[in-house]
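Just so it is clear, A, B and C label the chains in written order, and each chain counts residues from 1 on its own.
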Amino acid sequence: MTDTLSVEHLNLTFENENGAVLALDEISFSLARGEILSLVGESGCGKSVTAMAIMGLLPPGSAKISGSIRLGPTNLLDLNEAELRNVRGNRIGMVFQDPMTSLDPVHTVGMQIAEVVQRHRGADAKAARSRALEMLDLVRIPDARNRLQAYPHELSGGMRQRVMIAMALACNPEVLIADEPTTALDVTVQAQILELIGELKSELSMSVILITHDLGVVASTADRMMVMYAGRIVEEGPVERVFSRPSHGYTAGLLQSLPGYGSTLRSHLTEIAGSVPRLDHRNPGCTFAPRCRFATGHCNAPLPDAHEIGANHRSLCIRDTAVFEAISNHEIVRAWA
Amino acid sequence: MLTYLAGRIASAVPIVLLVAIFIFSLVNLTPGDPAVLLAGDNATPAQVEVIRERLHLDQPLPTRFVVWAGNALRLDLGESIYSNQPVTKLIAQRLEPTFVLAIATLILTVVIAVPLGVIAAWKVNTWIDRGIMAFAVLSFSVPVFVIGYLLAYVFAVQLKWLPVQGYVPLADGILATLRSVALPAMALALVFAALIARVTRASMLEVLSENHIRTARAKGLSTRRILVIHALKNAGVPVITVIGIGFATLIGGVVVTESVFNIPGIGRLTVDAITRRDYPVVQGVILFFSVLLILINIAVDMSYALFDPRVKG
Amino acid sequence: MAIIESAVPSHPVGPLLRHMGRNRAITLCCLFLIVLVLLAIFAPVVAGDPLKIDPAHRLSSPEAGAIWGRDHLGRDVFARAVYGTRVSLLVGFSVAILTTVFGVAIGVYAGLSRIGGAIVMRLTDAMMAIPAILLAIAFASILNAGLLTVIIAIAIPEIPRMVRLVRSVVLGVRSQPHVTAAISIGTSGLALIWRHILPGTMGPVLVQATYACASAIIASAVLSFLGVGISPEVPSWGGMMADARSTFRVQPVLMLYPGVLLSLLVLAVNILGDRLSDTLDPRKSRRTSL
């Protein structure tokens, strides 16, 4: 497998009159061709910011960014705005969380898909329109020909999210970034959309970055996962390895807060106390330690680099053995073991 | 759509009726004897009596209103006391200059205001934005007749590019007509544009913060396309609404501007009628403008569907 | 550990005053308004006789006796401009006050009474369908001429706007939990209005009153310019501009003095209104990143 996208030493600071906020701290990862990589974490952990940084959609001026984001041989951080526009919607497609508000309410869905094709493929109106029709078929929208004329408000949430996917994929991008694509949808529709993304990934041989806070989504869809906390990747690895041997206090907490996974016992649902800290400078120790029930005094000392737990499975946690031992009897972990 | 239009017109009927009652009482319920007022200070009792009879002032008020309103429905607004001509005829004669001036103003306004509002929203909180908004507050604050004389002084008196005043009818060539309304239309448009530019900016700012604009950016669309095709169309309804509301101000402005530039339109007719105390004309003209305004606002409501498909008739 | 609580500074009092104090535009506008008010009050001290006709010096250039020259009747332009401040300010402030008093009273009633509200709304619909300046011109010409007439004629078309604004605010305030609670524990009508309804309307009303003041100043100038309402004898900026029309080509500067003063006054009031509305509106213009 070759890497489609590779992010190295990405650091990002937002600056405003109240000071600076460190949003991303030494983020490095790569995305293989045909892979679904899931970014997991609470809101504010940096997963959406990572996506916006890849898209080049961070507000100019206030964001200070360093490192590299390579799409093939090109470093996206070296591109100017016009060059970035040629990447967005063309080589990287993006699907957003809320399909109810993410489509333009005053244009037909056909027009909204066709305009991407016209923009990036230089297609004429007719060709773009037939491509739009093709895409609606591809995302399994029934009666696609008539739906071209539909306005977003005439479609259900699930249908709108399919339109969003059709739009993002209309130019055959190498990478699809899906930012919480199912959070706003009904449970049954969620499953359909995730299934669709999985199928399209194979059909179009693209790579997918799936951003979610829902471990259930990760378990059912992703190949590999990256757990983020306060701007850092705290644990990463193939989904089955992370689930079968959780090796970070935060991952353990996320697993334990997952409702009804293979169990009817709601009493197992626990929440992680506290909230994601906002950092105004780099903290050398573990940022999760204040909320972590496994933390010891050592956790506040400068952290070593992430260490290998198993093949392709890395964690930042120095207490990973203790974490795993404590959680090894958890039903999810047992189910994946 | 048609049922909606019918409903809208039906709901306007009581408003028109109220307006008519209002205008009628305004003229007829004022302290003092209207006939004496109308006849002027130097009238003989006989002259007063003639006027009293001609205006049916000897009959009870409700009867007079019913007669007046009934006639108005048949487009008969009575006769001018001054020229003895039917009021509707007087209005019809003066319609062209006012209409040309209003249309020219409207076009100029949209051409000036909408781009300024869009640019200000796009460059929000920069000096460009602040400059445009300062210009808007300024031209909103300078009364239309002050702007009018300023423009007349610069472009007509000093540069001699355009006529100082007067109106050339369309029959004498459209170019000459346009030259004659250029300055008054510009003066009016500056005031009106200030209002529209502010609303366009506010509405655009609202839209630009919406999620679908982020989607449009993620699609790699050009800034111009995002602003014009996606944001502006979404921002259209409030802008159109304010254009409709602004028509009331515009009509007031037309009245003043026609006096400044000596244009023989309905505005002049109104002012002349008021100074001559020609009340049938005053009543008629105010009723005419009010009904026009109500119709314009119905048209504005209908036009929402052009901008927003969620608005269905 | 570096867990930084997002430090939200809490200013319980005075952010408004401090914000305005720091703002140069506000200071300038207020200074200008104060100067005009002082000029209006002390006009007899500052300027000469605005009514004295001096045919020998018609349209004369600035001189010691008349620093802005003389008009077509030989009257002192500076003196007329200074005295003209009185009409503009009197009309502006009076209309703002009248509009506020009647607008709030009727608006609160319309917001609290269901049937009364519906009737008031239809009436304001009808009044707002008549172009305001036409209504004012008609009123002013029909009633007896005078300053009071002008004030009433201009205030009447302004009131419906205020009524609708107040009513919408009252409807919003009324549905808030603390007010519903106050109603449910049987707070008496007047106490309810005084303690719960009125405070909520003050901000928008203040802004609207400022704008009403600005448009009243323009409207009074329009009336004087068209020769309706107050006698052309009484010095007013609009009247001065009407006088200057006949000599516009020869002596355009006679148009300039009252025109600029009028524009500056309206501008100052409008800027105050804008800043007031920015300060009172918590939704500041957001940053976009296109």
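Quick note on the criterion: a contact is a pair of C-beta atoms (placed from the backbone, for glycine too) under 8 Å apart; a residue touches a chain by one contact, two chains touch by 3 or more.
The structure displayed is predicted, hence computed values, not measured ones.
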Return the chains common to the contact lists of chain A and chain C.
B
Which pair, A-B or B-C, has more C-beta contacts?
B-C
Based on mean C-alpha positions, I'd like to know which chain lies farthest from chain C.
A
Would you kindly tell me how far, in whole Å, the mean C-alpha position of chain B lies from that of chain A?
54
Between chain B and chain C, what is the separation of their C-alpha centroids in Å?
22
Chain A touches at least 2 other chains through residues 57
For chain C, give me the residues that contact two or more of the other chains.
287
Where chain B touches two or more other chains simultaneously, the residues are 217
Quick check on the complex: what are the chain B residues that touch chain C?
14-16, 18-19, 22-23, 26-27, 30-31, 37, 121-122, 124-125, 137-138, 140-143, 145-146, 149-150, 152-153, 157, 164, 205, 208-209, 213, 217, 223, 226-227, 248-249, 251-253, 255-256, 259, 270-271, 274-275, 277, 282, 285-286, 289-290, 293-294
Enumerate the contact residues on chain B facing chain A in the complex.
210-212, 214-222, 225, 229-230, 233-234, 236, 307-310
Complex contact set, residues of chain A against chain B:
55, 57, 84-90, 93-94, 96, 98, 101-107, 115-116, 119-120, 151, 153, 164, 167-168
Would you pull the chain C residues touching chain B in the complex into a rising list?
122-123, 125-135, 137-139, 141-144, 214, 218, 221-222, 225-228, 241, 248-249, 252, 255, 259-260, 262-263, 266-267, 269-271, 274, 285-288, 290
